[in-house]
Amino acid sequence: MQAPQTPPISAAIRAEAHRREVAARRRSGRVALVFIAPALALVALFLLLPVLFNLGLSFTRWQRFSGLDEFGGLMNYQRLFMVPYLSEVVINTAMWVIGAITLPLAFGLGLALLLRGVPGEGLFKALFFLPRVLAPAAVGTIWFYVYAPDGVINTLAGAAVGQEIDYGWLFESHTITPAIIMTFVWQTLGINMVLLLLGMAAIPRDPIEAAHVDGASSWQIFRHIIWPLLLPTVFVVTILNVIAGFTAFDLIWVMGNGYPAQRSLSLAVFMYYETFSNSRWAFGAAIAVMLSALVILVSWALTVMQSRVEARIR
Amino acid sequence: MAVDISDPAFLEGLKRKERARQRPSWLRLAIASLLLVAYLVPFYYLFVTIFKTTDEYLRSSVLDLPNSLAPFWDNVVQAWTLGGMGRASINSMSYAVLGAGLATALAAAAAYGLTRLKLRSANAWFMLIFAGTLFPFQMFLVPLFFGFQRTGLINSWGGMVLVYTAICIPFPLLVLRGSFGAIAREIDEAARIEGASEWRVFASMIVPNAKGALIALFLIQFTFIWNDLLFSSILAGSPEVRSIMVALQALQGTYSSTGPNVVVTASLLSSVPTVLLFIFLRRYFMSGLQLGT
Amino acid sequence: MASVDLKDFVKLYGDHVAIKGIDLHVEDGEFCVFVGPSGCGKSTLLRMIAGLETISHGDLTIGGRVVNDVPSRDRGIAMVFQSYALYPHMTVRDNLGFGMKIAGQDKAEIDRRREGAAEMLGLGPYMERRPSELSGGQRQRVAIGRAMVREPEVFLFDEPLSNLDAKLRNQTRLEIKRLQQQLGATVIFVTHDQIEAMTLADKIVVLQDGRVAQTGAPLDVFERPRNLFVAGFIGAPAMNVLPAEMGEGPVVRALGLEIPVEPGRFDLPPAGAPVTLGIRSEDIVPEGHGQRPQTGADLSGQVKFSEVLGNESLVFFDVGGVELVSRMQRPRPVREGEELSFRIDGTRIHLFDSETETTLRRD
Amino acid sequence: MKIKTLMASAAITASAWTAAAAQDATFYYDKNGWDEGFAALIEGASEASGLDIAGQQLTPTDRYQAYVMSSIAGGAAPAIFTWWNGKQLDSLVETGEIADLTELWDEAIANGWFSEAERELFSVDGTPYAIPLNVARWPVLYNKDAFAAAGIDAPPATWDELLADADALKEAGYIPFNAPAVGGWMGFIWFSELMVRTDPDAFVGLTDGTVPYNGPEVQRAMEIWTDFYERGYFTDAREQDETRFMVNEEAAMYLIGEWTAGILANRGMEPGEKIGAFLMPPVDAETENTVIVEAAPIVFSADAMEEMPALMDAARYLMSPEAGNALGQANGIYSGNLMTDAPNAIVSDVNAIIAEDAPRSVVRWWEAVPPELQGDLVSQMNAFMLDPTAENAQRVMDDMQSLNESYWAFQ
């Protein structure tokens, strides 16, 4: 059906419309900016500016008493590869990342499956979650004594095998990182479990019931229905764990207190050590840049994988 | 076949059968309880240790029960005075309350500006603020330390509040952008027609409708600030502005010769506020988790 | 109360022209309904009046005052939203009082107006409840009450009945009309439902694609649709529309029939020229039902199916490949395939220019 | 609008924070636990100079150093602050921001407050740039009761006596030496002591890059150290409470700075009554008798000194016997001023030993070594203490040398 004809909108009207639109938008945009400005200013000043500054710093020779003016090019990045104990740093960091991804997730998932429908589920959940609200510094302090040569672990193990054990879990190069990772797992498995339980609660009952009717076993149901539908949650949890693993600091700093090569315990600690204990500011900045690049790269890759998985489920 | 549902015996039988079908798995309960006991061993250690004197601690096994409950107060007093925890806990409390409160409030205001007002390229503004969380904290340490040193903000109470506020803005903004966006647009149009200013719409319409999210976010940020060691140890080195976690670490550190009993007691003291919040506001903590994902 | 004048309204969204030049006058105390299919711009127009959208071009006058740049709150309007937009965190009492409270009204006045509205709308028992605890109809009444307590110059309603079930919709429709008459209020009401428009309006504004297709009293619009669009939109079922040709006499030829045309009522094109013929279903009277029209043309067709409404039936039938619908009063059951005879009422036919689709009627 | 008032009040508060420091000068220090003594020093310095001097403690040490370094690099050196001597003082003085205190030292030596030996500890290329906060010698503290129980009537004067006494103490149920490795810095104590007792010149050579960390000199010291561990002379290095074994009288001797006497006194081991001190004897009779000295300097900003000449009066006070006594009374710290009263029996014992033997003073390894190497090397030494085997000793020496080499190659 044809519409009645009216003359086309003239250029003058368009211009006027544009003017009125811009004026109105400017008015509301101004108000919007008033609301955004304080947050933006603080974030720009204390987070964004420092990031740029840090990036710039990493290309200077700045350390100790020297001024900021000397350009060093890629010197600090090259220096990183000349650090004699770099391989220790890298291995420990890798252990952290892999451990922080897999262990809390595996334990959290097992626990989540175990606790579903158990009487007193809420209380169990809360108690397993509790360590998460404690400060890493406090948790590290307690666990430092738990791992001590005369601490809880050795006492229990000694009672089990019937002879005295005084192993220094936090003083031996091959046990310190796994030991601190286990403390990390102790602290974070609760939140992993709760997030996974939330994810499971969101899975519709229908396909599970349909599979029951089709005669699937519990394992088959988990493997073919719950797990694929839970994958998006698993990815979210994994991303959180990766970042936590890369940047873990407080626990290592507190628990690694007595370990001689504390600087090699992870990239995050190494960065701190070079910056503040060795007064190599520019070098510290370069390590921070490398660490950021790794974190962003890995979480970006995981995000891409996550969106692929989600696309497949839909 | 007729069923007489008025027969009580018949009904009882049915009920029994239904209950049997729904019986919880005692095996799983047993496994879960066992795991929980193992999980809570460090807490057991914590609770026996705070009642021991240093001498008792050194001479007995770490798992032994304390001789009496009396040493607890002495441990508390020692932790409190030696570690300067009184001052530190007031500092941390003010950082956590103000930092988390301001951050949540400012993020809420920004989220309002981004979602409820016509703003060109609102998305770009959001990304700009949110970019602050892309980087690990290590990226901020050097610039913040030296920036604060040059501007005199280092070792100042105000500097700490500002930096915590800034760090805690992006995450609530992300969450609140979602929660505010979910509130019907007509609500603020109706309020505007009724004469409400933008500030009024924000304060009387949007904020009350996102109360749950705001409380949860405040709690998460409060816990983060209270528990933070990294920023406070770098930016607040003087005793006047030291945070509770730095005080705890100093107590454990080199020059103090306090026994593990006192250090462990201090750990407990430093955890009291967050644990209490968790116990009483668990619902919000858990819902806060959901917000995060 | 105040009159509302729209002068030369245009709304642009970027390059898209949503409102294409509208002039309109709403009398003080008039119930004016904007009606049209979805996407015709009726809600946009209302939101422009409310101040929720900018006016790209043109002037809006409320009560003699140009209010283009006046914010919503100072335009003297109140609005009832399709979703009601009740404040979910406030009780009914606070919902009703919010606007007055922030305007700084004194408490006694707030209470007076609130009680007045509550009584008028029967909200008394729900005053302490929250919107989530109310039924749809109750929420609707709160939304209206919230508009009433503002004592606005103009009420704006944006499809307020569309979320109600059929029975409640009819009931609320009556209530709104009664309230409007009681208050003597100026109302602008948007709906896509032509029955709502017909029953409520003092003045109907039919919108088509960002323009006013026709303005007038409901009966006027029904009787004298200015173009094919209005003819098709107003009235249910939609008017039968078929191509025709002018003949001598004057008659109009269609379906192999010659329907006599009352001379003088139309500006008729010369014989042989194509026209578009419109006949409402009630003007095709089945043999033996209703009153047999005096003038007209007889035809017979094969029933394809019928819709039984109880007091009447719609009979869809086929005449030489063209499907027509007729309204059968005091219906009897009809079978598919049954042959029926009808008579077209020649005095009530509509003729439209085939090119411009505008009516050929003189008045 | 409320936002405006909010922002305005924020601006006011912000300006209030930055305007907080209105004193003439601030005295920065990182020594926590010495607050009482610093309060007394600052009060005295204010009185003596007529300036309003404020004290500011910043911890921990690494961030304290970062703060000071950054202030100086930014052209705003703190007016007064504590620092370290040795290489740390060298690089500080290189900035040109530190006041020359030659006249003050001339005066102090003329007054008999200090000797030339102390002046040397606080000088760079012969010019003194700092005054002493604290001078601490590193003797062996010993438990008098333990010695008595082991039948030892006098502290050992020769290496053989030392070994014999250690064996006797073991026989009596004591661990001869308390040697913790806590806090990440204590590893160098025995390393540097054994270097000094075998070859003081090689010890000095280690700190300027002329002697390698895996050469024969170091090999010898490490062999002794390993041997001592094999003999069971040391306590568990993993112990976190550094004085625990001394306080509960499981260990008999403790090689450490004099200031530890104050800590032991606080835990019930009264210097003089329960605790005595001796200098560890050289391994060979022909080795030069030496004492390791730790010196904590106070330095002044050259700009501040120029701006406020009265600061020199504050410096004079801080060098004076009154200041030394104040610090001694408050925290048991010895300022090194010859005219102060020894704050405890240990200090007076060590004073007597030094007066009699006149040993050569060497700067403690921690200060003598380039700061960039400090942490890396000491963590190797700590690692040895946790695994004191011959193989590990070799690995530690090689690793230390490769770190050392790469540092000096850069210079």
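Per-chain numbering from 1; labels A, B, C and D assigned in written order.
Methods note: a residue touches a chain if its C-beta (ideal position, glycine included) is under 8 Å from a C-beta of that chain, and two chains touch if they have at least 3 such contacts.
These are the chains along with the protein names UniProt gives them: A = Sugar ABC transporter permease; B = Carbohydrate ABC transporter permease; C = sn-glycerol-3-phosphate ABC transporter ATP-binding protein UgpC; D = Extracellular solute-binding protein.
Everything numeric in this text was worked out from a predicted model, so none of it was measured.
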| item | value |
| --- | --- |
| Remotest chain, chain C as reference, centres from CA atoms | D |
| Pair sharing more residue contacts (C-beta pairs) when A-B is set against A-C | A-B |
| Interchain centroid distance [CA atoms averaged], chain A/chain B, Å | 16 |
| Inter-centroid spacing, chain C versus chain A (mean Cα positions, whole Å) | 58 |
| Between chain A and chain D, centroid-to-centroid distance (C-alpha), Å | 41 |
| Between chain C and chain B, distance of the C-alpha-averaged centres to the nearest whole Å | 57 |
| Interface hub residues of chain B, defined as touching at least two other chains | 109, 146, 234, 252-253, 260 |
| Residues of chain C engaged with two or more neighbouring chains | none |
| Sequence positions of chain D contacting 2 or more other chains | 1, 3, 63, 66, 182-183, 240 |
| Pairs of chains, among all present, that meet the touch criterion | A-B, A-C, A-D, B-C, B-D |
| Complex contact set, residues of chain C against chain A | 10-12, 17, 20-21, 54-57, 208-209, 211, 213, 227-229, 232, 356-358 |
| Footprint of chain D on chain A - complex, ascending | 34-35, 38, 64-68, 82, 84, 144, 148-149, 168, 171-172, 257-258, 260-263, 273, 275-281 |
| Sites on chain B touched by chain C in the complex | 184, 186-187, 189-196, 200, 204-205, 208-209, 211 |
| Chain D-touching residues of chain B, taken from the complex the two chains share | 58, 109, 145-146, 149-159, 197, 199, 233-234, 237-239, 250, 252-260 |
| Contacting residues of chain A [partner chain B, same complex] | 24-25, 28-29, 31-36, 38-40, 42-51, 53-54, 57, 111, 114-115, 117-120, 124, 126-130, 133-139, 141-146, 148, 150-152, 155-156, 186, 191, 194-195, 198, 233, 236, 240, 243, 246-247, 249-250, 253-254, 257, 268, 271-272, 275-276, 281, 284-285, 287-289, 291-292, 295-296 |
